[in-house]
Amino acid sequence: MTTLNPIAIEDLVRRALMEDIGPGDITTEATIPADKQCTAVMLAKEEGVVCGHPLAQAAFRTLDPTLTYEILIPEGSVVTPGTQVARISGNARSILTAERVALNFMQRMSGIATTTRKLADKIKYYHARLVETRKTTPGLRLIEKYAVRVGGALNHRYGLHDAILIKDNHIAVAGGVRKAVHAARKVVSHTTRIEVEVESLEQLQEALESGADIILLDNMDPEMMKKAVEITAGKAILEASGGITAENLEDVARTGVDIISLGVLTHSVKAMDLSLDVEL
Amino acid sequence: MTTLNPIAIEDLVRRALMEDIGPGDITTEATIPADKQCTAVMLAKEEGVVCGHPLAQAAFRTLDPTLTYEILIPEGSVVTPGTQVARISGNARSILTAERVALNFMQRMSGIATTTRKLADKIKYYHARLVETRKTTPGLRLIEKYAVRVGGALNHRYGLHDAILIKDNHIAVAGGVRKAVHAARKVVSHTTRIEVEVESLEQLQEALESGADIILLDNMDPEMMKKAVEITAGKAILEASGGITAENLEDVARTGVDIISLGVLTHSVKAMDLSLDVEL
Amino acid sequence: MTTLNPIAIEDLVRRALMEDIGPGDITTEATIPADKQCTAVMLAKEEGVVCGHPLAQAAFRTLDPTLTYEILIPEGSVVTPGTQVARISGNARSILTAERVALNFMQRMSGIATTTRKLADKIKYYHARLVETRKTTPGLRLIEKYAVRVGGALNHRYGLHDAILIKDNHIAVAGGVRKAVHAARKVVSHTTRIEVEVESLEQLQEALESGADIILLDNMDPEMMKKAVEITAGKAILEASGGITAENLEDVARTGVDIISLGVLTHSVKAMDLSLDVEL
Amino acid sequence: MTTLNPIAIEDLVRRALMEDIGPGDITTEATIPADKQCTAVMLAKEEGVVCGHPLAQAAFRTLDPTLTYEILIPEGSVVTPGTQVARISGNARSILTAERVALNFMQRMSGIATTTRKLADKIKYYHARLVETRKTTPGLRLIEKYAVRVGGALNHRYGLHDAILIKDNHIAVAGGVRKAVHAARKVVSHTTRIEVEVESLEQLQEALESGADIILLDNMDPEMMKKAVEITAGKAILEASGGITAENLEDVARTGVDIISLGVLTHSVKAMDLSLDVEL
Amino acid sequence: MTTLNPIAIEDLVRRALMEDIGPGDITTEATIPADKQCTAVMLAKEEGVVCGHPLAQAAFRTLDPTLTYEILIPEGSVVTPGTQVARISGNARSILTAERVALNFMQRMSGIATTTRKLADKIKYYHARLVETRKTTPGLRLIEKYAVRVGGALNHRYGLHDAILIKDNHIAVAGGVRKAVHAARKVVSHTTRIEVEVESLEQLQEALESGADIILLDNMDPEMMKKAVEITAGKAILEASGGITAENLEDVARTGVDIISLGVLTHSVKAMDLSLDVEL
Amino acid sequence: MTTLNPIAIEDLVRRALMEDIGPGDITTEATIPADKQCTAVMLAKEEGVVCGHPLAQAAFRTLDPTLTYEILIPEGSVVTPGTQVARISGNARSILTAERVALNFMQRMSGIATTTRKLADKIKYYHARLVETRKTTPGLRLIEKYAVRVGGALNHRYGLHDAILIKDNHIAVAGGVRKAVHAARKVVSHTTRIEVEVESLEQLQEALESGADIILLDNMDPEMMKKAVEITAGKAILEASGGITAENLEDVARTGVDIISLGVLTHSVKAMDLSLDVEL
């Protein structure tokens, strides 16, 4: 199973707690005695893929290191409505104060994992693998890409530094696909592949001749993609991107492309419904 | 029109740029000459409410203060597909490197404003006003609440500090609605109202008698809400919450409640499609 | 008893320790063996209200988590000179290095609580409640408002965001009390009250008619305040502010106002004398 | 005239603005048009030494770089009530939003400078120079020590790193003044003097023999200090500390000591009254 | 020419200035009038490759935005002793205060670029390209990798996230080269190559069969490397690493490997001598 | 033995871990089971002085507080190749992920301590003491100065704030050595000495007459230094600086100067070779 840099997680959680709590939780302070203990269970209220335990746990335990967080349903499992996914015990004030931050992370990440799983399953008997794009929520890329992996897809590059992806604008200025790829080849690290976006089969041909490692087929229809696959014949990795939806996803996979990238996995997240039931 | 703390904005944008760029944008560096100038236009690719100019502008200008950002369609306007909403000019590398961060903010915020406008319009001839909840994206509450205002709704409290909201768990520990409200009354600032959640008409009665300023009707059906409105007779502000959707929103408004809170405004954002066209 | 956001506290303490220690405590390093253990007691050297344990404890334990901090006199208690208020045990270097930061927090917060208690006691048989203002030390508002509560007063709004307070300048631009209050009413959250400052009984009348929830009587003498109380007749919360001192505080309370705000509680703090006696 | 590290100043001001503004200044937003311009003057409302222009200026200009801040009365000048000390022009919303933070810095720093000047003037015909202690407000040491210099005193060491100051506890563990001074001598930088605290004339003798550069006379009465000055005869710098007040300050200076350190300069600041008059 | 993320640069420079200046530059404050202007030239005092202008410029201009920084010798040029590489003009205090930070960056980066150029030149007629390793100075990887590029080498992966590099320990736990490569293949992004370290020709064979993209030849002598090149026959990229010095570098290049990685480029930097001559 | 501010250390280590790990260590995640335990030993691969345990320990334990770090060879000891200097036990993923950061700190600091020891030993029978300069790596001054102390030298001032060091440029503007020293004397703290740089025996004479505490002999040859020592006759501390190398170090010490400052101790560090052997 996949992991996360704990230092980055702590920073995210700390900011989220500061944002929600501000100077203090005045309602809890007014109504709950300082030494009251309790147990709470996190419940799935709809079907989905559980994702976000490291964040929820960090939310409770960063606010109060004496709380315990017990994982009842492991990261990445499918749950039915009513399933208890985690149990939190300890000081009642701390649990009530951290509740919303923990849920906000968990609902969003489970939402991403659930959608990803649903779409990945649609094409699981095909060669193509699903990936997300850079259309992530500002500041949360780390955990959104993680949720995509938990959902069963792979990750595209992390950002602008860890891979070359030459887009239409770069090509226009560089003076064509060939020149752009050659310029990139001169400076790229040997650990990184060069990807170039093409909009036509002519550009595809040029990309292949210039030695691009990955070719992004931008907004092509399945018919044209199929031709691209034939022309390429395994000499480059083919990524389909643009205009792909749940409806036509299988059609795209059937063309034989290697990678299908979907912005919707992260730019339009539908939260999974989870709640915290406190037993006082 | 509504504004935003510029220091908070700069911090958000700086983190988002660091996240996306990392050590550097290697593709742009390899393919675009350092002194190349260009102009780019941000285009709406679907109908919606434009929101996020302060963030998009900050994204471009924090990366490169020599860029100019011209607002073509003001914040909060409805646009049709194909409309140019902003024009950015200056160094081509800077524009291409900041593009995705600017769009990620803009698409998300316009998405929230668009949904909010759609729902607010459904009940615009009623007394009730729409507000969001604390189910916001961790770290982005500031700009999500702003987008809700741009969309035409009001804001609920910002977080745990700036208002008292006594929920079922607080009531259970405090020993009833009355005791909880009285405990809160002793410590609350005179600038802040006390809100208490009730699940039955009995609890409503108790809340009214204990002098609560706002009463949250939790998961009641329109029928029961209507009774609650009659019983309350203006002696408190009534907020409807839980189980409210686009479908039953008007039914809820019709009951005469004052405030309707909707988690969906921020927890399940559908991004508005916007793109950047670079004229090189 | 009142609590504090532990994440905000840790940040404050960390900055204070960095400020005082810099690269390292060279005197302690030169003269105290690395493994020397000791116990120290924090002593009140004058009468006052003890306040600041969470900060003092965090100062010692953030520098060295192996130290123990035992509270001997609870937060908010009145002590006589010579009373032991806390006992710290563990590594001698750590205790000596953190001593000054712990005391600097404790002396200042106890000073605020002591002054607040003294003034609050003066009017304890009146209806009016004391609050502080926004004239706090930059960066320390959180703990200064907390010390005011420990001292027995309530808190005014935290800052510019969590309540509407319309002052003379806002009124001048908006075109009068009525217009300003109406403008605020359109955008204010339902959880927040609207306060408006008035300088005359005419403005008071206008404020009442425009539906202001709270009215700040700016620099009025007790005579005029009494008239304001009569005119208002419970239709709004009345806050007296400006020119109020220890000497005339009771006169102001006697007028029947609801709230009295005092800048001196936080802008001119007299530290309470406390010291650390180390038993080596 | 004395200066301040601009990077440290910006950090302080940024934190103070975030603290006061939070997500946004809702009153100003509701009542002041976005493009309204104005001029404001900062007025002294009591006599005192003006101090804090760099902070006040940074407060206005960090929030809004288009504001202008004109110094009318230079840092360190004595003003009479009613004097205009600075003029700020530009966007009205920005000026109103930054006002309190600018004043909070200015009032506190002018308060320190005023008290320092008053006390320094008392002994200006003596050899002794006044300095502050480490009893400063956590996080604000930089600007408090600066205000002390503006007030006409010198600064003691900044913190635990930049000078050796051996106190009673260090002496007790090290096994006497001599051993402590020798231990310090072995590790101290050649740019830094070694100071040691003594409580008796015997300890003074030991400190002199061990080659201490500075000797702190702890809580001695003027009589004993005079003897200490005679015994020392210029072989070390003598610092008087403890129990010194405005009343006995001149008596202490008269003993012939070189340095007099006063905690009250920073631990119990009386703010100077300043206000901002906006001309709209 | 290569660029750097300006936001990351500003953060590095800000920290370096805070570290060196602390509360303030007391010498400059005491001896240089506040309004004194001057010009200074940065001089090479030995032969080398100039590198670090973006950092030096940021050091001067972050401290004081009114300073001008003129590049006289472009980044990456070879200079002889006595050459003027940059000219700085403006406030004398600002220039003197920022001088050491600017030089500390410039000397270190020029040192790296100079050594890299020297070694890269040794093998410029061979196919092999030089890269650095992760043995960089903590916190300065960004600018050290940049200096390596300016010196004429390529960069290896940035850190643990942007490429797979399976080392001996990973292989031992995974149960052999083949199993480790297959495990990596399942999760790796399509934009990233998989590199595996081998210590023998048997392992090389296994790496080739398992489809590794890059094979690191760990501590092999040139003889064995030559065999590895023959066996590989272009089916993978070969990286030579370990025990490579200026002396045997050409021997390694002659073997036909594709990449040679050298820790010495960054772990043992010899600063280039540069100084600032101020014309007052 | 010398210590370090633990809060500063944690900050340095946290930044270094973020830099190296980024979003996550994908190789370790792919190849090492999440619950695999192991022990690793840190080995010296060449002779040198061990330095950096507090940093290495913090690197492992900040990433994963459940790891144990056992010091086998104490800080400051000389080791021979093959010596085990530390043993780390716990989760295998955590150890492999933190390995490089721990080693990067340790290798650099041990390199500084080793060179310092070598040079300090050359002059150990002389009166003169070695110190470093401000030519340190930006951001790492704290730990580089610490390593110099561990190596057996003393430290010069930390930065621009904690001592007066009047250089040629300051003298030129101030109008001579005398004026500059007098200007400094007026403002300097009594805990700090005043140092002034001189380039001739005339300037030395002027420095002595003006009462400078420390005189830096800039780039003088041993002959001239000897004369300076005679002229000074103990009336000031003499520091030799500029053009001093391992070769002429003893000649300089022989002149009788008190302090010798060497930039090479920190500006051109040769890392000591250390490695981590993991026993899986």
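Just so it is clear, A, B, C, D, E and F label the chains in written order, and each chain counts residues from 1 on its own.
To be clear about the criterion, a contact is a pair of C-beta atoms (placed from the backbone, for glycine too) under 8 Å apart; a residue touches a chain by one contact, two chains touch by 3 or more.
Because the structure is predicted, anything quoted here is derived from the model rather than measured.
Asker: Tell me which chains count as touching both subunit A and subunit C.
Answerer: B, F
Asker: What pair in B-C, A-C or B-E shares over half of its contact pairs, by residue number, with D-F?
Answerer: B-C
Asker: Same or different for subunit B and subunit D, when you check if over half of the residue numbers at their contact belong to both copies?
Answerer: different
Asker: Approximately how many whole Å separate the CA-defined centres of subunit A and subunit D?
Answerer: Computed from C-alpha means, the inter-chain centre distance equals 51 Å.
Asker: Report the inter-chain centroid distance for subunit A and subunit B in whole angstrom, where each centroid is the mean of the CA atoms.
Answerer: Computed value for the inter-centroid distance: 22 Å.
Asker: Report the inter-centroid distance (CA atoms only) between subunit A and subunit E in whole Å.
Answerer: That pair's centroid distance is 32 Å.
Asker: For subunit B, jot down the residues that touch at least 2 other chains.
Answerer: Subunit B, residues with two or more chain partners: 2, 21-25, 29, 141-142, 158, 161-162, 165, 187-188.
Asker: So, with touch as defined above, which chain pairs make the list?
Answerer: Touching chain pairs, listed by label, are A-B, A-C, A-E, A-F, B-C, B-D, B-E, C-D, C-F, D-E, D-F, E-F.
Asker: Using the touch definition up top, name the residues of subunit E that touch subunit D in the complex.
Answerer: By the definition above, subunit E touches subunit D via 14, 17-18, 21-25, 29, 34, 62-64, 93.
Asker: Quick check: in the complex, which residue numbers of subunit A touch subunit F?
Answerer: Per the touch definition, subunit A meets subunit F at residues 1-8, 141-142, 145-146, 158.
Asker: Could you please specify the touching residues of subunit E with respect to subunit F in the complex?
Answerer: Those in contact with subunit F are residues 12-13, 15-16, 19-33, 36, 92, 96-97, 100-101, 103-105, 107-108, 111, 134-142, 158-162, 164-167, 169-174, 180, 183-184, 186-188, 267-271, 278, 280.
Asker: Within their complex, state which residues of subunit D touch subunit F.
Answerer: Those in contact with subunit F are residues 2, 129, 131, 149, 154-158, 161-163, 165, 187-193, 195, 214, 237, 239, 258-259.
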